[in-house]
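Next up: the structures, one after another.
Two complexes follow with chain A in common, the first pairing it with chain B and the second with chain C.
On to the complex of A and B.
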């Protein structure tokens, strides 16, 4: 019988293999990326041979393979594949900012590191023990430190790397400290163990449990870009190489939310802690919604706008987390993240192609894109509409499921806030649409050609956004695993 | 193939073809004609006593009971007819802009598809989704091809309607969650049925959320401020489609999801508040309309004002009031479309719609003046036009509603005040008509060309429909009555 974490092991092996190829074979570096794409897609196919396993079947208590975990493993593999494809597109820009001792210097690492991050995040979504969570999280975070700062001759990238490193290290400190508190009181690092002890925690220790959980929430809030732990997001997103930004905003956020759900599970099912934990989450969701959306409205740079929109989407996801008492909330989170993957990667794909030609990613660089490249403009239009939550796109259904759960669990305040922030969202996403279709292109602007493969990928993402926006059943089915 | 599905797909496919590079104007007109003919086929095959017909149902989200269901009853047929008729007029009268012609027609076609889709949906979820589909084309149409302060107008309508739509969505989810687990549904028929047998017992907040959500979309006072400016700035065909068809979405929703479902025990406490608001529409907005100095803004405000009557008909909860509201939905849609078409044509000629700069146009363009006079009289509610029949039924309904008390009850007082709206609308329409078409002819407008043939055909077509439904309202009422009077 294969071990349950064979998927992660094979991804790690792929990473090591690619590193070896990079070190010893003098091939064109893009072959490394394409190999990674093909092999990861093969592993993605393998996940369908592997069903979810009930808890008792897997001997290791630190590892679970429930439908959520399996869904997010597929999610992460897809995100990594898309990141690699974006990285290949991005490599000419990347090389401009790397000291070139040999041709294509640094590209090998740039293509390989996302694979390791993927393995780390795949462990994260299955982790059921704080030690496992911590180790997996570190594998991911350290990989991202390197990726963010890897454009060594670009000040923005270096600045982003330093910011991410310092704040990331700080949040790791919070996480470890929180884990020790929880361990000290419950005597367990495994979430199952904590679940079994929590109802029996004596009253005088309950504040300490909440304190420990609060510290863990700080660290996870940093991961998922929740307010007030969001300060790194705009700078890091803007400075990091664009594919890394996309990867960070999709995969890292998703993995963070899965861990958040797992960690919260024992607390929201224990009556003594339920009310207080939901209270904290409600406040977190409210401030994230408000700040993310309001701050996004004044942005003039598309990458920064997407950074704030990523905070705003974390807000919507937190609304669902704060509504976990409703039966549909968990599925809503999974579905929302699935949609977020499609529309965010589509946006970054267009952003990358435009920025390569225009040399900048301010919104005004998109002026007249409707004329310069109708394909890219249409793709960005669909992506923005989906992010704003317009019907017949997956983004609308995501918001719909979340607010259905919120109403079902009685989170009326968050729903009222949602009404305001959704309207704000229309404003800043349509600002991009306005630039593309209302403004004339700059005199120096040239038309933008997209490669046939790029067009194929765009068509695929657009179709997925629209089809799953009408018939979401395939994704919902995978999340509940019929 | 299901005829209703075809009537949604025709404009969508035409829009895709137009973007792909087909001749925009010809493709769009062809699609609009085809869709109108299809509607006539649907009307001819429709059985008056058959309930919902031309049904089609595909499950979309089984876990939440969401189905992609199409079907029309008499009210749906009437709205479908209004949509395709106004679409045909709007697309035929549209002048191709100088730039981005394909996107212009594609946007119009998408608005039409959204309106048709909303009116033929039986599932509240898809009904909502189709309406939202029209939001972005409207934004683009006003923002790119609009006039005046078009960007502000485009932002205002889009953000306002996005907000209103979300309020409405919350109300719809509230309605859905009011059903017991296991029998939750979005189907209009099942919702009404559940309300009849008592399994659906929504809370008062659901009622007021729905009413406010629909109210914002229909420009209920004081949530009307998005409308006049947007209609004034929008290119004529967009204003025709939005004011004529799309805005009826909210009122249609009230007739579908509010009147058959909520018992008087829930609705009565809010009656006085809502009566005050709709009187705000009729009196306050009516007076604001009188003070307008530009024709397009005046028409925008007048369309907001007339919503007040329809609200009164719906709020009266009486058969005659509801039927009058349904009749006014169609009549107002046709008459405002004719008015916006003509004012758009006028703007093309003069470049301005300020009353102070216009005058004596009836001498240079007598036929244009005549048609505008007809449309204005229809909008005021002159007997002979469908608007008159609708308003009359609404007033009867309003006066007979409410609890009998000593003296006059709240509905009777409101109706008595609302009747004055007729006077107000006569004042502003006649004043506008005098300022624009009568008086000494101005030198600069001496050489204005007379109305073009295709514009004439479009407007005359709309006016003929208004006259037909005005002289024989029964033609329409017999369709909508079975839909309104639930067994």
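On to the complex of A and C.
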């Protein structure tokens, strides 16, 4: 039995240890990433041996361990492991764009920084106090600034880094100013404290509370890529190194949603604020659904298409957030994000392997992939069908649970809107499938070989998408029990 | 005239609005970055003011917000360190720090 926060502490220690190894290691740097993978998997194993929170050392007001937090800690550890594996695949491309005095310069940091981001996000999903939320969020954001901009000889990466830096810092400004006002009115930085005071806030101060909450929502909207705070997403996703894009779109979004749920909890359970907060969330969900899906339809670059699809998925998740009054909404969000992890990493794994050979990530680079590499084409086919939400995949069940929760809480408009946008989704996801199977390959295109380990990973992800799409019980169980 | 909480909040609101306007309107990334720091300091000012003007509990003022201010200052310093490094790298690659010139990522 180990104390719960030993998980985060050990992840931070792993990060520091890997940095030390990087300083002294003279041979192949991919050893660092493999060590990280093995140790993080060991820590993943430790999550099944957690004891209860000890009393008095770190108060519950700062750090909570509930089924949601534990599920997302496992989720984030797995996402980090997958990111490290993608990074190993990506390292030849990465090295081309980093000024190197010695061979493999910069690779050590590229493999280590995701570990620190993982620690920050694991703190985020347990944070129950605005001080903790702020510090954990910044640990993640600053790490991502470095990761996004790390290909210093690639103008796209640098531009993406600067855009992410400016907009991320702007959202930080909104977050702290929002926290200020929430603290000023309620007198607490902890969410439990705010919850206890909120029903007694006098009427003349209620607009100030809503103002503070609105600013915090703007900041979290940036993190989860909700419209109208999504404008950084396409550029940053396209410019960042591909493993970082995958990590950003899965892990950072998931951690953002967990914080969003925790911050909203006091407000949606207080009758005086409930109606207004749900109103704001409904509008956010509706515009995110519409804009994300419509903008994705005209994209020609697969990374940009996945960026807009990531906005669209944030829209479906916001539908569940706007239906928080239904009992199944929280579980639906966890399940959807779990599925999103599998589908997105599968898509990026294929994208990375194809882009390495074709030299680009436009959709036309995937022309004739069905002939050039049947394995990759089949994997991308399943990932796209699952992202679109075809039955017998995990993507379908995720959308099903979300719409079920939305119906239970009476959000009929959002359900209709969701159903229409799912149809749009089929259009742009199938565009990729059409390119793979119906378009002839470019004359210069060569066949693509995948390493045995890559094939094993692809098979694992494909199987998980289909198995959990038919038997969702293991994930649902993990979301409801410690 | 005595200073009240309102005065502090007014100044901090002005600082925040100025910072936000700067981020929206200015075209030089370094100036934008300075404006972002101003927004964080606006929050610091009002946090300290809110904490100072809160009635003390058992004779002790509420220090939570003031602790948060120290965290914000530290994090802002880290952000500047990373941010300026990225801006310098951008300048080396493109010889410019103007937002109009950041246009290689387009669909």
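One rule holds for everything that comes next: the second predicted complex is superposed on the first by the 468 of 482 C-alpha atoms of A that agree within 3 Å, B and C clash if a C-alpha of one lies under 4 Å from a C-alpha of the other, contacts with A are read in each partner's own complex, and residues count from 1 in each chain.
The definition used in the following text is that contacts are C-beta pairs under 8 Å (C-beta built on N, C-alpha and C of every residue); 3 or more make two chains touch, one makes a residue touch a chain.
Just so it is clear, the model here is predicted, and its values are computed rather than measured.
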Which of chain B and chain C A:238 touches, first, second, both or neither: second
Chain B versus chain C as contact partner of A:420, first or second or both or neither: first
Partner chain in contact with A:473 - chain B first, chain C second, else both or neither: first
Touched partner set for A:138, first chain B, second chain C, both or neither: second
Chain B versus chain C as contact partner of A:301, first or second or both or neither: second
First (chain B), second (chain C), both or neither touched by A:403: first
First (chain B), second (chain C), both or neither touched by A:352: neither
Chain B versus chain C as contact partner of A:213, first or second or both or neither: neither
First, second, both or neither for A:39, with chain B first and chain C second: neither
Chain C-contacting residues of chain A that also contact chain B: none
Touching residues on chain B, where the partner in the complex is chain A: 59-64, 68, 100, 103, 128-130, 132-133, 135-136, 139-140, 143-144, 151, 155, 158-160, 162-163, 166-167, 169-170, 173-174, 176-177
Chain C-touching residues of chain A, taken from the complex the two chains share: 130-131, 134-135, 138, 142, 145-146, 149, 152-153, 155-156, 158-163, 165-166, 169-170, 172-174, 176-177, 179-181, 183-184, 187-189, 234-235, 238-239, 298-301, 304
Chain C - residues contacting chain A, complex: 9, 12, 16, 19-20, 23, 29, 32-33, 36, 39-40, 42-44, 46-47, 50-51, 54, 62, 64-65, 67-68, 71-72, 75, 78-79, 82-83, 86-87, 89-90, 92-94, 102, 104-105, 107
For the chain A and chain B complex, residues of the former touching the latter: 328, 331, 370, 385, 388, 390-392, 396-397, 400-401, 403-404, 407-408, 415, 418-420, 422-427, 430, 433-434, 437-438, 470-473, 476, 480
